[in-house]
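Each structure below is given as structure tokens.
One chain, subunit A, links the two complexes that follow: it is found with subunit B in the first and with subunit C in the second.
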Partner chain A sequence: MPDRRLVLLALLLAAAAAAFLLIGARGSWSFLLAFRGQRLLALALVGAAVGVATVMFQTVSGNRILTPAIMGFDALYLLIQSGLVMALGATAYVQIDPRAKFLAEAAVMMLAASTLFAALLGRGRSDLYRLLLVGIIFGTLFRSLTNLVQRLIDPNEFAIFQGAAFARFSNVDTGLLAAAALLVALGAGYGWAARHALDVATLGREAAVSLGVEHDRLSRRTLIAVALLVSATTALVGPVTFFGLLVASLAYVLFPEPRHGLLLPAAALIGATALVAGQTLFERLLGMASTLSVVVEFGGGFLFLFLLLWRRR
Partner chain B sequence: MSRAALAAAGLGLLCLVSVAVGVGDLRVAGIGRDAEADLLLFVSRLPRTAAVVLTGATMAVAGLVMQVIARNRFVEPTTAGTGESAALGLLLVTILAPTASLPAKMGVATLTALAGTAVFLAIVRRLPPTQPLLVPLVGLVYGGIIGAGVTFLGYETDLLQYIAVWTSGEFSGVLRGRYELLWIAGAVAVVAYVFADRFTIASLGREASVGLGVSYGAMVALGLGIVAMTTAMVVVTVGMIPFVGLVVPNLVSRAMGDNLRRTLPYVAASGAGLVLACDILGRLIRYPYEIPVGTVFGVVGSAIFLWLLLAPPRRA
Partner chain C sequence: MIAVENVSHRIGGAAILTDVSLAIPRGGLTALIGPNGAGKSTLLSLVARLTPLQAGRVTVDGLDVSRTPSRDLARKLAILRQDPAIAARLTVRDLVGFGRYPHSRGRPGLEDAAAVEAAIERFALGPLAGRFLDELSGGQRQRALVAMTFAQETDYILLDEPLNNLDMVFARALMRALRALADDAGRTIVVVLHEINYAAAWADHIVALRDGRVVGTGTPEAIVSTQALRAAFGTDIEVTRIAGRLVALHHA
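This part shows the complex of A and B:
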């Protein structure tokens, strides 16, 4: 018997998906369903991946403010992407199969993120604010480096890459859908397999170690899984800073008990529902196609300030 | 050689390089005789160099003043929402009164920058003094929220391109007649130097400064005015450059301590030198193209910021 709250969330997601597919539908159904269906899958995939990645990351880093995106994971992925363009040359880069490219980028990302952030988390565990600030500044550094690299590639073709700097929910890159789904399945699958260890890890590093969970190994592997999830979402829609924070906070409100067997699916469902419903609302009903990302950043920013100022531990 | 002479010589050298570097061929022999050489020198190269020097120096001074009035080493106009507030003001004027004169636009931008920074200071006063890193953190997110609002407004009104100009610093558009507002920012920085001793006392806090006969409230108000005016001028003429006001005062303070009367000229000179070096670098890396100084300094500035955060402090 699944948890009733999860069933409710699943029903909400189904309703949002139906609204996304059907509202304002005109013309050939076969084309429409195929076209909208792909976008629906991509949005749901991104929402779920962001939710799961954020909960896993917050569990191993031992706080509920920090998210992979705030720590600069998305920015790191974009940097790797443009670094690859520079290493290969723009013409060669365009000729490679986009899926192979995407998987190669994800592999580099796994390596870079797990070494860099494992070192940072190990060092900054005692001082959350320093860790947060360092993460944000790392994000700025990665973004500036990405800008620099993109300008170095070819200033005339600079505009081609510039689109990647904003999240674009209305223009999802569906060509990578299958490859991204594979990565999300791998990352989320690891989270599911490790759900009991993650439950123990919420007690803190010392308690977890004394209960027989190898915390350092768990964090490193979780960071690798998070890197996979972030690679998939960033490749599909670009960087989203505060969305994960919103989703994870909602999941904690609905599921106060630290059971990842419930938390992870809940975060996935909430993330997917929020993106699909939000996009339906803004695109179909309000006619403002690209504003969802701005609204998410706005609301997420306020939530971040709230958590920082009024819910300090 | 004394420290002052060294700083002056370094800055002078950088200025010479800045005047010499560019796509157009500047023949030194032609200056004063050849009209083309004069045009290049006086319309493009000298104004650009002056604009870079003024921006770097005034942003560094504004950052230092901001750190004094917020009593925190890790704040500056880009980590306190000041730049975003100025951009918001400019955007509002552009939408509501597109025909407003430049001084009017400047005035509105200054006022919104002032209001935005004052709100930030009010938030900061509520934070526990034992957590100094919470202040820039809150400031960055606060600026991000205002920035999201600016992006939203700009997107809805098709003015995103203006916003890109205001938020990313670039000097390639500087010609004679287009940067002179920055001299006002320079004058404002001189005002900061005149009051340097009182700012040093104000940096000790309300009780200490009132005890020493300095009106703390007046100094905070003056500091706010200096920061808001400088930021507004820089945003409207060249655009924001991140972290200049943060890293430069911290580097100088590590070497020379916190007596503003002594350090302020060095802060100004180092700010000018650092931004100038980044601007020259941006002109040379991908010659004959230019990389905006905001991008170059984004890399340099955030790297130094990270070092400041992670390196162990030299003094306890």
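This part shows the complex of A and C:
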């Protein structure tokens, strides 16, 4: 029997999706449903992927404050992207099949994330301050390198790159939807398959090893899965720094027990609902007076400070 | 049998263990004693593959700990480290349930539920079973952790200073429980103890470490003597007999 809290979250998502599709609907239904339906799928996919990635990341890194985005995962993605523009030139960059390019970028991203972050997170993981520092340094390094590359490339190339560099919920790149869905399915699928081992990993590395979980291998694979999820979401909507933190924190409040069989679906549902409902609110009801990403970053930033200053154990 | 062969370990530039060879027999209760920094905890975590071996070899019943799959080893050997920091919000019953993971792989059956209840019963945790770990005192938490280790139902149980935070009632109860595990269930218990009198009273074998080397192994009769304790601790401790028991007068 499914958990009642999960059923409730699923109903909320269904309501948000219905509102997104139907509010202010005018004109041909077939066009409308196809057009809005694609964007709905993209938003739900991104929200779910960010939620799942954050919970998985926080479990293996043994903290509930840092997220893949704060650790610079999506900055790394943008760096790879800008590096490609520079290496290939704008014309070639635009001419590559976007899906092939996307999958290639995801592969590079997985490689980088698994070598870089797995080496850092493997042993000294209990030290939150060290992690935080490493994350900030890497995030800044990746962003600065990306800036440097932007200065080196010519204005046409820059314009093309810039399209990828900002969070944009209103104008989702639906061309990549199928490829992104594939990556999200792979990443989230791994999390689901490893859910029991992830439960044990919440006890900490030593207790997990003692209980027969190959903790180092689990961490490495989980980080690869997280890299997949982050690649997919960054490609679709651009970087969102604090959204994952909001979603994961909410999931822990609703599901205090460390059971990833519940936590992962919950984070996915909460993330999807938050993005779909938020976008409906801004687009349909507030007439685009503000953008969702600004509000998400604002609220998430406050939550981050709150967790860091008052809730640290 | 746990066989430690020529194990050396360095952390940074410091030698923690130097060419340690040791055989801990199957069955019975073995106490590891020695001053702070002697390498007791490091030795224990090397045996339990929590720290990768740098030099030497450790086998448990012939299984090489650096080659045997972690999962197989988890059904042979359980370890409880000093004060593991558990960030997750867990009830005592959930925590003890994790001890069943090597057997259930996350899908607990009736047998697992029975083992969890037995562990809760044995360590008198019944009234606390529904409480969250962060609502317990240090000693209650320690008992819950030992119960988790017990629920793992392994032949070998390694405990790193399990008496930390326990009052004398529970310290004695825990040693009695460990003794019973060794005697009735044929388990092999290896325990790091700071209080030499607990080792004298409950252990079958004592291994004394100092500065990363084994400086004495033997029965309590052999090790708990002024001379042998000087070798381990580098200070004179008077040993006497009270009511037929060896007692080290180290506290005054």
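Here, the second predicted complex is superposed on the first by the 304 of 313 C-alpha atoms of A that agree within 3 Å, B and C clash if a C-alpha of one lies under 4 Å from a C-alpha of the other, contacts with A are read in each partner's own complex, and residues count from 1 in each chain.
Basically, contacts are C-beta pairs under 8 Å (C-beta built on N, C-alpha and C of every residue); 3 or more make two chains touch, one makes a residue touch a chain.
Please read all numbers here as calculations on a predicted model, not as lab measurements.
Asker: Determine, under the contact definition given at the top, whether A:130 touches first (subunit B), second (subunit C), both, or neither.
Answerer: In the superposed model, A:130 contacts subunit B only, not subunit C.
Asker: Under the stated touch criterion, which partner chain does A:200 make contact with: subunit B (first), subunit C (second), both, or neither?
Answerer: In the superposed model, A:200 contacts subunit C only, not subunit B.
Asker: So, A:64: does it touch subunit B (first), subunit C (second), both, or neither?
Answerer: It touches subunit C, and subunit B stays clear.
Asker: With both complexes overlaid on chain A, does A:140 touch subunit B (first), subunit C (second), both or neither?
Answerer: Once the two structures are laid over each other on A, A:140 reaches subunit B alone.
Asker: Where does A:253 make contact in the superposed view: on subunit B (first), on subunit C (second), on both, or on neither?
Answerer: After superposing on A, A:253 lies clear of both subunit B and subunit C.
Asker: Quick one: name whichever of subunit B and subunit C touches more residues of subunit A.
Answerer: B
Asker: Who does A:209 touch here: subunit B (first), subunit C (second), both, or neither?
Answerer: Touch partner of A:209: subunit C, not subunit B.
Asker: Once bound in the complex, which stretches of subunit C touch subunit A?
Answerer: Going by the criterion above, the answer is residues 45, 48-50, 69-75, 78-81, 84-91, 94, 98-99, 101-102, 105-107, 149, 152.
Asker: Mind listing the subunit A positions that touch subunit B in their complex?
Answerer: For subunit A paired with subunit B, touching residues are 127, 129-130, 132-134, 136-138, 140-141, 143-145, 147-148, 151-152, 155, 241, 288, 290-291, 294-295, 297-298, 301-302, 304-305, 308-309.
Asker: Across the complex, what residues on subunit B touch subunit A?
Answerer: 74, 123, 126-127, 131, 133-134, 136-138, 140-142, 144-145, 148-149, 151-152, 155-156, 242, 285-286, 289, 291, 295-296, 298-299, 302-303, 305-306, 309-310
Asker: Which residues of subunit A touch subunit C in their complex?
Answerer: 62-64, 126, 195-197, 199-200, 202-204, 206-207, 209-214, 256-258, 313
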